[in-house]
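Naming follows writing order (A, B and C), and every chain is counted from residue 1.
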């Protein structure tokens, strides 16, 4: 059975002057997949991510996201969601206001937003929290809400940047369960992270080093291939030798 | 004499209790880790230990000196690295190091042997402004700065946050080297897997200590038999496990789901039940609990 | 638009922005409305009455009776004028010639000198204008009384210190006053708050450095930079605007150093109460720029304002500094004329230094999260 590709990258090259940040990247991401994107600082991870999110254009190569070519970034942006650990919700706004703002940005009317908002709050067992300031919510709840908000406009792909680093183990489990559930609904989850134990949760991971993809497979297959007990060891093994003087 | 003795440390901010009745001791030359999520009170505790905050309650001594009343004597013996690396972004690597050497009344030369293994790695960039360094290099520079006056104790608040895995591995290797020099180190981290690098660890959550011991004994303290169940469709697996009466608290864990079985139920029975639910080929095997499993168990006990 | 709405929500939740949004215009209106008076009220003048006859007496009475003037001094000789002006309180001296009455009847006219302190050109023009007006009125009544000939009192206006009424005589000392305090307060507060924001302050505090060492270390460079700045401004005043310093340069520089020190301690004080650079900047500007501009007497004489403004301005260091450097620069006054103001400024500086040193903590103050 041929799985549907939602991200197709062919020979992606991105140069900044004489510096090649991305060197002929080629990979596919499938519908409903949890895809981990790993790399050391400066490996070109952020650059590639920006291109996939429609924030930057490739120097050469072909990139298609949700069926849209990277030369139409505005269209891409409508079909993706984004959540980062650092910024997600406005702390001085209430839960409802954040949701309404987000819906409004994606061109939804209040009429469309309201029922969906209630549904979202119900699903998170957040009913009654609508008028609470984000500031007053515990970290774990904020994180879950931020994820739900990133999915509010029903994107085809959601990009997560270190989604569960620093949260407590219980919240973390709940969060990954939300991610599984999202993927099971056919939404692709694209995770970038520094933390290799986050990578263990992904269906497939790719490791970047010096602008190239040096590994791409399921975590277990990669662990077997390199004979390591964890993705962390594996990552250090792959990424370390190349950066004596990085 | 212990390097740190802390008795019933409590810190309140208004109605919020950031640190709640925490007691611990750290031996000289020990590498001691505080493991806990963001907001657990690690930073507050470290600031108290670094003489920066007077606790609302409790008593803490470093090398027998009280951090509140003897803070002046203590400050020259402490190497403190706050959560955000504490570097001057507009100064070069060398200028930063020089500055910290000067304010602690020493020179780079005097203690160069101590920082050499770390500083050598960033020395090629010594003319570069600190703001333009990568996370890993900033981390090493900040550590060099904290070490330059040859402190007896290093207080490192989340030194590995925001740094890539390679740099983190290198960083822990450096800490092991410093420990061999006889320097006491307390370090905090939200990453459970880093616990194994420490001599002893304290698990901390919502200002309270959940447990203190060596990583091995912490892992052994897990009270039940733990199984890892795996199947390609993890979400369905998770839901199926949750519906099984034999299974207690299934938790996603990397590419498997960790479960505890009720009343020593037979794992083969669980496997059959999963097959019955359409999840053929599910693998169930006993597994060694990790720090995170223990943390989860302890957290659930707290509640 | 969802985005516009969000911005409104941010603003309404943020008390500080609200205060800036509505508080500042209101405060400005109040200050400007009352402080900016271009008419004259109760200006202090002195008379040197060489005539002591009924004409001079009547004129003096007329001046005194008007709302514009208060005669607060009677001089005995011409030589006292210079010193009177250097003290700063008297805006003008009206000099009646000897045997005025006789001259008037004999020659039909007499000349009365109005000598104004033109180091404040605006006030000088107002004072001389109003004085001349009163004399002309009086002339008119005389003309009716005495039918023989046309006796007129001719006002002879002289602008002391600044004969051409150059406005930069006023604004150069003003600019120095304003720029110095703004710059020195801003630079120190921002540079200290930046250390807080970047987390470097934590390590400085943990180091064996004593608080005064941190403060001196932060302040010393800015002290010298500000001093250098003063010298540049003075050189520019001299070469570009042809405004020489009439008094002692050494005294001027010494006073500037005191004033810079004051500004720096102000900056430290600000840095002990705020955590963010933007707040340091806002507070410095709100706290120093407006009052410095309006309540220092730089542009608008404080005498013309309601009494309450006078009291408020007394706690404004710029007011005292301007009363120090204006006499030194323009009138050539020596220390004996400005020691009182210097003492006040020194007292303020000391107060600020003690206050900021006490507020500068050896530990972190954490806000409740």
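Quick note on the criterion: a residue touches a chain if its C-beta (ideal position, glycine included) is under 8 Å from a C-beta of that chain, and two chains touch if they have at least 3 such contacts.
No experiment lies behind these values; they were computed from the predicted model shown.
Chain centres were defined as the mean of their Cα atoms; on that basis the chain farthest from chain A turns out to be C.
Of the two interfaces, A-C and A-B, the higher number of touching C-beta pairs belongs to A-B. The mean-CA centres of chain A and chain C are about 61 angstrom from one another, to the nearest whole unit.
Note: centroid distance chain A to chain B, computed from Cα atoms, is 26 Å. Residue positions of chain A with contacts to 2 or more other chains are absent. For chain C in complex with chain B, the touching residues are 198-200, 202-209, 362-364, 366-369. Note for the complex: chain B touches chain C at residues 13-14, 16, 18, 44, 47, 50-54, 71-72, 75-76, 78, 80-89, 100, 103-105, 145-146. The touching residues of chain B, counted against chain A in their complex, run 36-40, 124, 134-136, 161-167, 169, 190-193, 205, 233-236, 238, 251-255, 292, 295-296, 299-300. Against chain B, in their complex, chain A makes its touches with residues 39-42, 138-139, 165-171, 173, 176-177, 180-181, 183-184, 194-197, 200-201, 218-220, 230, 232, 235-236, 239-240, 243, 245-246.
Of all residues in chain C, those touching chain A in their complex are 1-3, 5-6, 9-10, 13-14.
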